[in-house]
């Protein structure tokens, strides 16, 4: 089932080409054995399955590795020189940590929104068009840009000032711009690393509603330190933690399941304690 | 409760006179004296600048007219004349210097700032660049003489340009590196996240964002190079003719420049030449000031005056951000 | 690096994403290699400069050996070459300039960092000082000849007439000489010293200043007993950098120092420096003289290199000591 293909424009006949039908529900399977930063073991033995067109939330106390795991999905951790990944990460059945895979290609298919809004220092239009131009999109750019901004819920606020620099917007607007930029190329998966933590409650609310709309089309994985946010938006929740009572610093997946169930009837003691606020 | 009265300390009462200001007290006198001395010295330090500028304007404006652009330098007993060829020569040689130093410098800066900031080769290169900023300008001329003039057998504009580029390169590298380091990490993350190759991150995001700072550095290098005399003395020498005499452009010949003209004329006993030297100086300083204003207009924040002092500052402060690896 | 294979994953038909093309990957690797090459180039450039000048200096080094450094005459016709007067002139002028320029520079730094003026005026003043560094060397030379020398000549004459028993004032100022050259040099290094000293003073944590004032010091007691000692390493580094700059300065000295190959303590007498020697003699030099000049050039290079490297090292070490 794991196949890789040569060439950029034609497909070889011979190997099987994974198509949507092969992956009815799961978009991403993270099977992590160990994640290292240098000598420091950041995450151990965790397996998370992210389903299609759903929102999966990673929650847990700070330092438990939830951002690290999220960043593994689009190989962003590769940018850190001392990082090492042991395990498998299957994206549409293909292990993207295989040595033959180009991480840049992976990132073209997965969008990411970061904790701090980070539009490029160019016009709003150019920000959204950036990914399209990068992928040498040949169609009608302006339409795509407008479409993206509309889906991000930003169009009405910026339609008259598309030439303005992206950094001139407010924090909440910048984050929506980053979302528009990420979805412009229609990636199937969207990763969001604490997207609302730098925003005020009103902007947060707008983005949460946006997420619920976006999940019709995109698979979303979101890291959040706000439990209530997880209950509001996530279909499934993964709870990561460190061995807090044993003084451990290595994170691992404690519990994973439908959000309702994780919050109302947690299976693990640690989960119960976290949810009831005994540690955070 | 203090029981032992034997151990009680005699307390003196503080009187009003002790607290009042007293200028005649030795400590206050000393303080006041040094304050005054400092003010005097600070004002004295400004004086040369004003003196130079005032003299430039007074003596330089006497010959300010279009003829300085159109006419050639006068010979010993001639009257009138201008230094159009020197202006052209300076522009050409600074242009050559830019052509050599800017791409080379920016590419090296890319490696230093982004691709291999902590590597040994980067540390060595930075050391070399900082060392080269202290290279006496005359030695840049000696080098270009040895490497180019002796090779080509003639004094020429490119030889002068090469000497200038040697002086420009360290400035371009150090300022460009600084400018690129200032690009926020999260912006670079966004570019990686959207699927740029590392080169695309650099060319599509880092360099455009750092451009104002890079341009400031280039302008600084240009302003300095335009005023340099020593490197040109025996590489481009001087010429009393236009560069494009006789219908064809000849760069492989001695070339005039503003700085060398000022130097030559200032030593001549002829009033005509001396006046022209002042005018040329006025023109040169004016160009430098204009370049400063341009770089301020482009720059995002106030980098102060664009001079070598800025580079030296960067040499020091660049040590401070040695804590980022993630 | 292993050849990378590209993954094309077909899922949602709407996606416009394509993997990086072979050309993009090639450009990526080529560009990165190119930048590495340029970085290497800088290192090679420094060595090439040393090599090229050194190579041309070898014939003269072989011919004159170390006596070059102690011979006092420079005569192209007789073939006698020696740079002792020029070394003396270089060192003397630079130290004088450092004395004057350094004092003024540190004072200006104090002036700009110890609350002598409100902030907007400070910014203006700072720019004025830095503008001093924007004036080209040759313009300073011109100004020195026609403004400074006539200005100081009366004073120097007076001092010479009355105090000529002091070796520093033993000759009269006929025109160019050591003092005008040193003064202009001082003006040129002032901005450097001021800027680096400013940074040192500004790096002092506020709590140190608080502690001093809290003990009831006057402003100058705080400066002299606390601020300057704390910033002393950085200020020392500033002075060394200023010295390095002075040693390498050419044009202003060539125009103002008088170009006379003699060793004298007199401030009013003409002298010569290594850089000025090169500037003046090179254009007209014959083959033999050129070789001797190359030898002089390599000596100048070594002196400035050593001083600059030491200055850099001091700055680097002191900025590490500044604490968190």
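Going by the order they are written in, the chains are A, B and C; count residues from 1 in each one.
We take it that a contact is a pair of C-beta atoms (placed from the backbone, for glycine too) under 8 Å apart; a residue touches a chain by one contact, two chains touch by 3 or more.
Please read all numbers here as calculations on a predicted model, not as lab measurements.
If touching chains are joined by edges, the resulting network of the protein chains shown connects every chain directly with every other.
Of all chains shown, the one whose average CA position lies nearest the global CA mean is B. Inter-chain spacing, taken between the CA centroids of chain A and chain C, is 53 Å. Separation between the centroids of chain A and chain B, computed from CA atoms only, is 47 Å. A separation of 12 Å divides the Cα centre of chain B from that of chain C.
Of all residues in chain C, those touching 2 or more other chains are 17, 20, 25, listed in ascending order. Across the assembly, chain A contributes 104-105, 108-109, 131, 135 as residues in contact with two or more other chains.
Contact with two or more other chains is made by residues 195, 197, 200 of chain B.
Listed in rising order, the residues of chain A touching chain C in the complex are 4-8, 11, 17-20, 23, 91-92, 94, 96, 99-102, 104-106, 108-109, 131-132, 135-137, 139, 185-188. Residues 17, 20, 24-25, 27-28, 31-32, 34-36, 38-43, 45-46, 48-49, 52-53, 55-56, 103-104, 107-108, 110-111, 116, 123, 125-143, 145-147, 187, 190-192, 194-196, 199, 218-221, 241, 244-245, 247-251, 254-255, 275, 278-279, 282-283, 293-294, 297, 300-301, 304-305, 307-309, 311-312, 315-316, 319-320 of chain C are the ones touching chain B in the complex. Of all the residues in chain C, the ones that touch chain A in their complex are 2, 4-12, 14-22, 25. Chain B meets chain A in the complex at residues 184, 186-187, 189-197, 200, 204-205, 208-209, 325-326. Residues 74, 76, 79-81, 104-105, 107-109, 111-112, 114, 116, 118-122, 130-131, 134-135, 178, 181-182 of chain A are the ones that touch chain B when the two sit in their complex.
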